[in-house]
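Reviewing the structure listed below.
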Amino acid sequence: MRTLLEVEGVSKGFGSVIANENISLTVKEGEILALLGENGAGKSTLVKAVFGLVKPDAGTIKINGTVMESGDTAAAIASGVGMVHQHFQLVPVMSVTENLILGDEPKRFGVVNIKQARKEALALSEKYGLEVDPDAIIEDLPVGMAQRVEILKALRRDVKLLILDEPTAVLTPQETDELLEVLRNLAKRGVGILFITHKLREVMAVADRIAVLRGGKLMGTTTPKESSEAKLAQMMVGREVVLRVEKSQAKPKDVLLSIKNLRVSDDRKLESVKDLSLEVHAGEILGIAGVEGNGQRELVEAICSMRSRLSGEVIVKGQEIPNLNPRAAHLAGVSHIPEDREKHGLVTSYSIADNLVLNRFDQAPFAKGWIRNLEEVANNGEALVEKFDIRAPDAYLSASSLSGGNKQKVVVARELSQQLDVVVAAQPTRGVDVGSIEFIHNQLIAARDAGAAVLLVSAELDEILSLADRIAVISNGKIVAIFNSKEADRNTIGRLMAGLAS
Amino acid sequence: MDAKQSRKLDFSPILVPLLSIVVALAFGGILIFIQGINPLLAYRVLFTTAFGSFDGIAITLAKATPLILSGLAVAICLRAGLFNIGAQGQLISGALASAWAGYTFVGLPALVHIPLALIFGAFFGALVALVAAVLKAYRGVHEVITTIMLNSIVIALSDYLTSNPFKEPDQPLTRTPKIQDSAQMPDLLGLPLGFFLAIGLSIILWWIMRNTTTGFSIETIGRNKNAGWYAGISVKKTIMLSMLIGGAVAGVAGAVETLSIIGRFEPAFNAGLGFDGITVALLGRANPLGVIPAAILIGGMRASGSTVQFEAGVAPELVDLLLAMILFFVTAPLLARFFKNRKENVAMTSGWSN
Amino acid sequence: MKLRTSHYLIFAFLAAFTYFYSKDGLVATSVLYTAIQFALPLALAAMVGVMCERTGVVNIGIEGTMLISAFTAFFAGAILKNTVQGMLVGVFTGAMMGLLLALMAVNWKMDQIIAGVILNILAAGITSFYYRQNYSIPSTLDPIDLPVVGAWPILGPVLSFHGPITYFGIFFILGLWFALYKTSWGLRSRAVGEHPSSADTAGVSVTRLRYLNVTVAGAVGGLAGSYLALEAVGIFERGFTAGKGFTALAIMIFGRWNPLGALAAALFFGLTQAVTNQLMIDEVVEIPPQFINMLPYILTIVVLAISAGKVRPPAAEGIPYEKEKS
């Protein structure tokens, strides 16, 4: 079989971060190469270099034996590379057809022949058995469907090498299995596939060969036969990993957080939390499992009073939280680790110390009346940097210069260093290295043990399974089932997440 | 501002503006040279008139006074992520209101009359800003367009008022009557009292931004509105507050011009002061103290514009051109790129929807 | 029901026409003729905004672009003693302003609002420094008597006898609408303005397209400036554009970033002004001239307050594209 892709000695740095260091690998026709590595290992950077979205500092990339000019996406596409991105590369306000043809439109004298384009879209979707409505607008589609469009977009260009960057992160287990099946079929047709993930199960299921990245370096290549999940995990992280979090039996007490008949709409004014009720007890972690985009974000923001509630109540320690008043929610005892730390959790141009008091800068001891007490802010900063193991020379460094894991630790430190009643943690370990993940997990368990009611929302089913004492499955804005974590099994939860009755 | 600034000294906030002035002067020199005039002569006249004598400096500082204030009006809003292009309109509104208060009230002691007229100026400056602030906070209308439109509206309105109800009787000119002596702001140490007022306001606002919870709220909203909302800061209130502060300060700028320099309101006498405030604020890196040297520099250029024409034969609009180029170089990253640390960027909003 | 600019327009048009026609047919047609003249520079200037913002670049430097183009068009026309050549110089100047904006916004990734303000202040500085009195152009651009249309009753005198820039401008706006929604350039431009990384990953160069569109838009702004100096009045004064470049932005927003919508909105603005003027001349209402001057500015604010929140701007507007951050 011919070699499609040869990566030779590619290196790429972003400032002081070395994202890729002297990486070499190959992909052959009809082969599925899984690229495995934890968050920040440099997987995306590497494939972006292949696709011409990132200019490597050193090394060469050959496609079909031809050396590619770095940073030339159009050339990569022309030589048969297609990419399904981690963040969908679809124009939300345009139709499926328009997205499929973008950049290579059927046209005469510059005028797009939209009828022909539509026909092409239908033919394509039929050919690969990936059903989509060519006239649907992308932003109205569910994620799994949008991903199909992404894949079709790549296939339309007659790809020889298909790159998929963490395609399963947004899928239910069932949708994942379907996707893996599609990949196998494509491989049979001779397409080379470079498949990125950090989920070991998928790698073992689908890969012909496995390349493991860690800290920007290639740790080695292996095959599913020669390897095991434990071995791969060790290669990925560099030490033995406890795949299961150690925690004691939960001792739940009174209800601290209670949500009654909550209805919330999303940014597009569509109702995305539908008459949802839920109770979380002191001393337990309640995990919300669900495919992203099923109302989790709106639920969290409504609890924290950041998003308007259409109706329903949020009650913390018997006290109702007013609508649209994040300060009141905070004062009532809600700690919130937000889903998007860069957007909500931090002012990155502020110092770590200022970020550590971001939502209490005007309360004692950080302010006396109108005047801020900068000394207290500094002391608090130094103490928390130490206590929460934030890797920074001092607390006055601007938060922008921290790594993802340490930024998240700043948020976690701020939220868990106060009086703990209710902790709402949304995707608390997204984009964070394994060391920080363990640390954050332990902090959440410590908060639980200290008597807090912890609501954990995560797109990673594994995280929910290992941390939560009870698991609520959310689908289409409703809680469809609640399990004790002992009774929970991945398959049932997966089916519920997908909206199928169990 | 930060709890403690990073200990490494970073000179780029000073070096970049200085360098941009030098480069702008160099380009301006080329343009003067093309007109057949020796640029060194023109610049020497410019410099010696503005800063070469005690009298010159006094005039420069007098010219700088409203610029410090209008620069401050723009700078405070920039801190909150708002671009207040409306300092001009707010300033005119303040100038007219203080003139009215200055000539209408009779028999007040100066100690009451002057503050009263200043408050009128501040209030009516803030009133103009209020329109833009409400539209921004509650309707999400971008402040750049509204403030520019308000400038034109205020100019037309003030023109109407000075040619009708507020007109000086029995006079051909469109202007208000002269203010009472009791409203006339005195000089102090040979400098207008307003200059000290401007310096005082700069220091107060600097201190507020640095040390108070209000300052922290404004700064937070300016840098990351979403994080501010998450942290429980009211975005709407903060937008309103900073716009109103900006409007009031611009109003005071107009009042000071009226009460200490012009002595009445005459349309067009205040032209450009508010727009120069944009240059002052950006040159001063939106820092309440930084606007002082920036305003003095620009005040000096404004003060000597006509002498340069007289002695070197360059049109006084040279100053407009130089200022435009200074603004270009100070904001374009060309020069800043020589200095690694560009993080201390002014927070700004882009796009029309919030 | 959706708020539609065209509804306002039709209503305003009918009301105004009926009112004036009931008094005097000639006045009625002249009001409409004047409305087109008021509307044209606004509509063209709004196209500058549409072209830039549809590819994701905010341009608040339209005012400066028009000002400096009017300036160069006028003085070039006066010095070369040729109005048409003056117009070409004006268009070229506009393109250069567009290029400068593209440089600041696309290359240097500057804050686009600041970049636009710089264009305005630069234009004001240059035009006031180089302004000279006692120059005049040989003549304004000659109006064109439309062959068939000119003979139509009622509509003939409204539509005929406008200058060449007016006719070209209207065709340009129609063409832009077609190009934006029917051609691959339009599809790509809109994609770049909504979600640039999608376009990039589909092999469309975001940088190149933004440069192209912003520069061509600048040339259109130059045409609008030339219209003011060479077709509408035939003079140049300092600060001569009087905020039209900013009103144009409101018109663009009111027209939902759609060329035809913006054209309708501009006609609405033009009609309002023409009607007010006529009412003044007829001494129907006694309004101080200062208030008449205020009208477009107040209208701009009102229009923005109405449309805000109801319209959805191109999603990537104002955000510099960072290739490696996709």
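Going in written order, the chains are labelled A, B and C, and every chain counts its residues from 1.
As a convention for this text, a residue touches a chain if its C-beta (ideal position, glycine included) is under 8 Å from a C-beta of that chain, and two chains touch if they have at least 3 such contacts.
The model shown is predicted, which means the values in this text are computed figures rather than measured ones.
Connectivity note: excluding chain B, the chains that remain are still joined by touching into one piece. The largest tally of C-beta contacts between two chains is found for B-C.
Centre-to-centre separation between chain B and chain C, using Cα means, comes to 30 Å.
Between the CA-based centres of chain A and chain C the separation comes to 44 Å, rounded to the whole angstrom. Here the spacing of chain A and chain B, counted between their Cα centres, is 46 Å. On the side of chain A, the complex with chain C involves touching residues 14, 48, 51, 53-55, 71, 73-74, 77-78, 83, 85, 87, 89-94, 98-99, 101-105, 107, 110-112, 153. If you check the complex, the residues on chain B that touch chain A are 2-7, 211-217, 220, 223-224, 226-233, 343-345, 347. Against chain C, in their complex, chain B makes its touches with residues 31, 83, 85, 131, 135, 139-142, 144-146, 148-150, 152-153, 156-157, 159-160, 163-164, 275, 278-279, 282, 315, 317-318, 320-325, 327-328, 331-334, 346, 348-353.
Those residues of chain C that touch chain A in the shared complex are 182-185, 187-188, 190-191, 194-195, 197-205, 315, 323-324, 326. Contact residues of chain C toward chain B in the complex are 58, 60, 104, 108-115, 117-118, 121-122, 124-126, 128-129, 131, 242-243, 246-247, 249-250, 253, 288, 290-291, 293-294, 297-298, 300-301, 304-305, 308-309, 312-313, 317-319.
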